[in-house]
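So that you can tell them apart, the chains are marked A, B, C, D and E in the order they are listed, and the count of residues begins at 1 in each.
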């Protein structure tokens, strides 16, 4: 579902709001020309943000697809483009194209299911769009559990939104954890996979995992120990993407392209792919 | 359209010579733009070729007289390297007169101005540098 | 990245041909430039304060100063940046005065170019990394090369400040040219009377070690850490035992060797001290002319030497020594008059140079102070002086004025008239230059009191016919040609740097001008420092000067040297080479190009020693994979500058 | 209705070409063998400008490069290249469609030419392509002295209408006038059945060592589709920037380099990806291997690496230094 | 060419004696005239070693940073490249066992047919082996006297031409270049970890060939591989030869 006629040509856009989540992560609110959203998107889909003269990169849209006024991108400063993005001010112009990738299956597989969101560090950004979509259509879905961990409390993105809005949501439980002891932190301390084992969810839920590859690996193993089937667990693959439309070959794993067949994959699908991610 | 000249001047001699040309209120064309480098041996082959690719019409490298280099052997290396570059550029069919190497001491303000004058006239005679930019006509490469 | 751009008017120097507001406005188009301003005098206190306030107010991370040459105020503005809390190396200077406003009259062209230079500086500062100066230790010892009055004075001053000094002199005794002089202007003091006490002080001073009859062979290292290799040529005399009694040179059979000290007007023996008051008063065997060394027979000097100080088997002693600073005081030599055949200097014995006249007039000289014609020993009645021989002569001689000739010729005239009132003295001159203190009064006395005839004119040709020197001359004031004769002609020959200066300069990697005088760091602001850090210039090696100036400059050089020795640590230049060892393949090509041998291979990746590296960048531009880069002049910065200038 | 087969004598074939050339540019000829560079460059140029951006009062104005839809004719395309163009169509013309490729492809007329003999390195038959029956808008062939011309698509017919006065009709194509007998058939290229076992085959460790990862094979290959997109400031004025697309190769180290790592860190993974994508991944996604057996990579590989040998080694048929 | 037999036997003997762990040589390709470089680790594979006039690849670059003791066969041009790599600390001499092999020149192969001698072999002036442990009939390298003039013939011919003619000559060639980097990746002295020319700014490619040649200034051993491998037949070796020619002057 991307703009078929424009191919690789981006839309002019503008940053209308910037929030500092952590020392190296910022959330940018972006809107197209004359304050409209140039393309619709589904939860879990991504868009190519670009700064002419610097470069282009794929970022997951962390705002809800039902949100009409703007897109939100939570970006961690890692490379050349992200550092340049972090120097931008409100009202600076950028260019944008999308939406790319296969979204989370919110309208079929997830309907009526109990959901378990597992996120690590910046991994919460892609899941946030699904979580807010679920909250906007709360009755369609079962119980919601959110397990979110990071290195330190300062690394937890959208902390106030989680504590004020998400915990107040009906039939929703939020479990926060940080890797190491920190004074002034009342929540759980420990890695996400060990925390999941302590919480031990019943395996009828559908699980969605996003975060650093090592966290995904161990969380998946813990879920399987708890009786989850691989077909019940969805995750994303972090691959280099240039075109976003399955042509340029960079995100090619096996016979799949992460940018059109993913980045959201069901874990059993991942097992069919060669070990190259 | 006046020609664009880039001059790499070594900080200890030719840049000081350029300053002396200034303090003596001499005159040379404004197309010459000077880049300060610690020594003429700092001028990398890439800098000169990059200047031509980005639209310069002439590049001149200035350094201390042989034996006067503040780093004692810097200008010898520069001379060795640039002679090879110039002979290769000539071999590839580029106009040899668009590049030049000159030794100018801190005391030779007049020589600096005269050298710049002569070089600008020499390059202006050749006009804009078409050859350096169109050598490699891979489809769409150069039609910026 | 938040950049501030400051455009200076420099009074009218820049404002006259460059539209500063236009530049300040234009540079703001760059999103990263958050502040741009202009100011009449940025280098003044007010200007610098304006910069500091702007850095604080706009939290600037990079500053571009469009003003005069970085060679002028780069350090000033770096200190200003440091005061404002900005790293001193995140400041870039666009030279829009010496290289723009002063050399381009057309205002549009100059302003356009100034804007380009500003944009290039902005491109550089965007990529400027914060750099931190390193430190290196200082060896608390100085090396003075050249034992003339300049070297002696510098050595004494440094020693007085409490630092050890090695004074190296190539001839067997210190004293230099001044020791050869008779009187000195403008006070007519006897040269030896004012020089020998200093020579004795230098020899006696516990902080000074004399190395006479020695030469510096190699110098490595950099300011604070020089290592010099010095060769003490074998004197064939044991300096500890020798008492200087002189028995040896009395007995030495080969006596017909022209004495260098007496400019060849007298002879010396094979074993000799250059002059009576020589310091150290220890003779030297000139192995080229000593019969013992030529064919092994003789050895008389060893026989008569009570303390048995003579040692024919003595070898050259080569030693290396660490030094913090080095002072060049290599002095001068008389310009060779071969190109001036018309003065018949080589043909007639009675045509002599002023230095030779000094020896003739000197009581310790070959004639015991009696003025005699070298040809027949008679007292000359009529003496003609010719000024500017070889000086101010672009075609065959030196382009410069040798500065001291007018004064020493006047001195000679007065000294001769004092002793031989009836002597007739004519002086041919182009201009008489007497700028020093009491100089012109001295010259007026020569004319009015002693009746010396000054003729503004030239001597065309000299020919000696049966003992009388016939000269074709011209008097420019009278505008007539006339012939005249004289018993003796004294040529005021030009002076040039001593032959040892050029090899020394190459050893020290110090720049010299085309006339082989050492180049000073800045003609007005840093006259006694060479361009190479830690190397200072004392005396005529930097340019012609008389004794008062030489002593003044010698003390100045000493003071600068003490400035370095007084520090325990020296701040090293942070703009040095650095290696990205992920890219380096360890091919070692950069090692051979480094003049300071600063690069070594550590676990097959190159490494540049920041203490040795002087930042020439030869390695960085040789490295094919750009693994080696130079702080302050990185590949990215220069390429960005090229892009900005060519756009 | 199958369009009729036309013929003309050999010597006025040049007349045909000139007639077409009056209408639109013509590239290639009915020469002796296939071209060194593949026709891929006509649809996916080595370097093309995608769009320009200019910063006007603090917002970006984007002007896409105009689509190149001027018609042109490719003459003498062999069966392998014709099949290759179809493979590229499969990639670039199905959703989401690449507009630049589509414009050029729709403006092109493909006139193919049947091969009489197999080139030295050709192995199109091993990937079941019949050299004597190439696809394309028009199929041409020469048989005992006469030049045959058969339109195979609507575009082909439009092209044929231009030349009606130069061509004579022959008996309708219905009676299977086999143009040219295909040369002797070669053994089929063995393709590994299951992806994961091919991926984890131990031979890769030694097989990749000879490769110098230069990218010649990928640039010459008619079906290699990978490209790179880059954006950079224009040299004339820094306010304008260009976004260009240029050929790229999975063999290059930076191809999948990310800020936090590279899933294919060494030459071995990249070498494996090159052949796995060509022979295995493409087969699973589109049903045919992406290799059309043109032999260009075999001919020009600096170290004589060879896709046929890799296929045989993978299928463990050929025992050699690696086993 | 009976070198092939001797090479196989020596390989077996040295391996059996435990002096070497693997052999780097050429191995028969799928098509007859396309032998490929290969590492032989198992003794039974040593039979596969091939040595004929089609073995055109220069093997010296494969031994960069090699850790196991490897037997390599080097012809004069390979040996000079190998010596340059040893000088540039790219390969530890003690990790290699070098056998110098005689060479009568290799043949250019195009579309399966053998064309004439490689350009670099026609103008080859190298018959010596800077460093080796053993020799196999190295006596038949005749070419010393015949090719000395031929080596710089093309360079001097181009030099004598008008500057514009040279520009036309090179522009015609370079416009065919598809930047596949084969000339860079095959060159033994071109072993940077990251190449500065890998920038994605298309304009930088303008001077790829000039910079590639200048980076080899003083290091190029004139083995001719760069021109041999160019798929578009561009004589890039002339650039390197010109640099050698001027630095010899």
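Convention: a contact is a pair of C-beta atoms (placed from the backbone, for glycine too) under 8 Å apart; a residue touches a chain by one contact, two chains touch by 3 or more.
What you see is a predicted model, and the numbers here were worked out from it, not measured in a lab.
Participant: Starting at chain C, how many touch steps does it take at minimum to reach chain E?
Facilitator: Step count on the best path from chain C to chain E: 1.
Participant: Compare the CA centroid of chain E with every other chain's and tell me the farthest one.
Facilitator: Here the answer is chain C, farthest from chain E.
Participant: Return the chain whose centre of C-alpha atoms lies at maximal distance from the corresponding centre of chain B.
Facilitator: A
Participant: Quick one: most central chain, C-alpha centroids?
Facilitator: B
Participant: When the C-alpha atoms of chain A and chain C are each averaged to a single point, how far apart are the two points in Å?
Facilitator: Distance between chain centres: 71 Å.
Participant: So how far apart, in whole Å, are chain B and chain C when each is placed at the average of its C-alpha atoms?
Facilitator: About 31 Å, centre to centre.
Participant: Determine the centre-to-centre distance between chain B and chain D, using the mean Cα coordinates as centres, and give it in whole Å.
Facilitator: Taking the average C-alpha coordinate of chain B and of chain D, the gap between them is 46 Å.
Participant: Which chain A residues reach two or more other chains?
Facilitator: 92 - these are the residues of chain A that touch more than one other chain.
Participant: Going by the touch rule set out above, which residues of chain D reach two or more other chains?
Facilitator: Counting only residues that touch two or more other chains, chain D contributes 46-47, 228, 230, 232, 235-236, 244.
Participant: Pull out every residue in chain E that's touching 2 or more other chains.
Facilitator: Chain E, residues with two or more chain partners: 178-179, 194, 196, 202-203.
Participant: Contact residues on chain D for chain E in the complex?
Facilitator: Listed in rising order, the residues of chain D that touch chain E are 33, 36-37, 46-47, 119-121, 206, 209-210, 212-216, 218-220, 228, 230, 232, 235, 244, 246-247, 249, 252-254, 298-300, 302-306, 308-309, 312, 320-323.
Participant: Of all residues in chain C, which touch chain B in the complex?
Facilitator: 69-72, 95, 97-100, 102-106, 109-110, 112-113, 116-117, 120, 506, 509, 511-514, 519, 531-532, 575, 593, 595-596, 614-618, 620-622, 630, 633, 635, 638-639, 641-643, 645-647
Participant: Note which residues of chain B are touching chain C in the complex, please.
Facilitator: 4, 6, 11-13, 15-16, 18-23, 25-30, 33-39, 41-47, 50-51, 54-56, 64-65, 67-74, 77-78, 81, 105-107, 113
Participant: What residues on chain E touch chain D, complex-wise?
Facilitator: Contacts found on chain E: 27-31, 34-42, 45, 48, 57, 61-62, 110-113, 178-182, 184-186, 194, 198, 200-203, 225, 228-229, 231-232.
Participant: Applying the document's contact rule, which stretches of chain E touch chain C when the two form their complex?
Facilitator: By the definition above, chain E touches chain C via 88-90, 191-196, 215.
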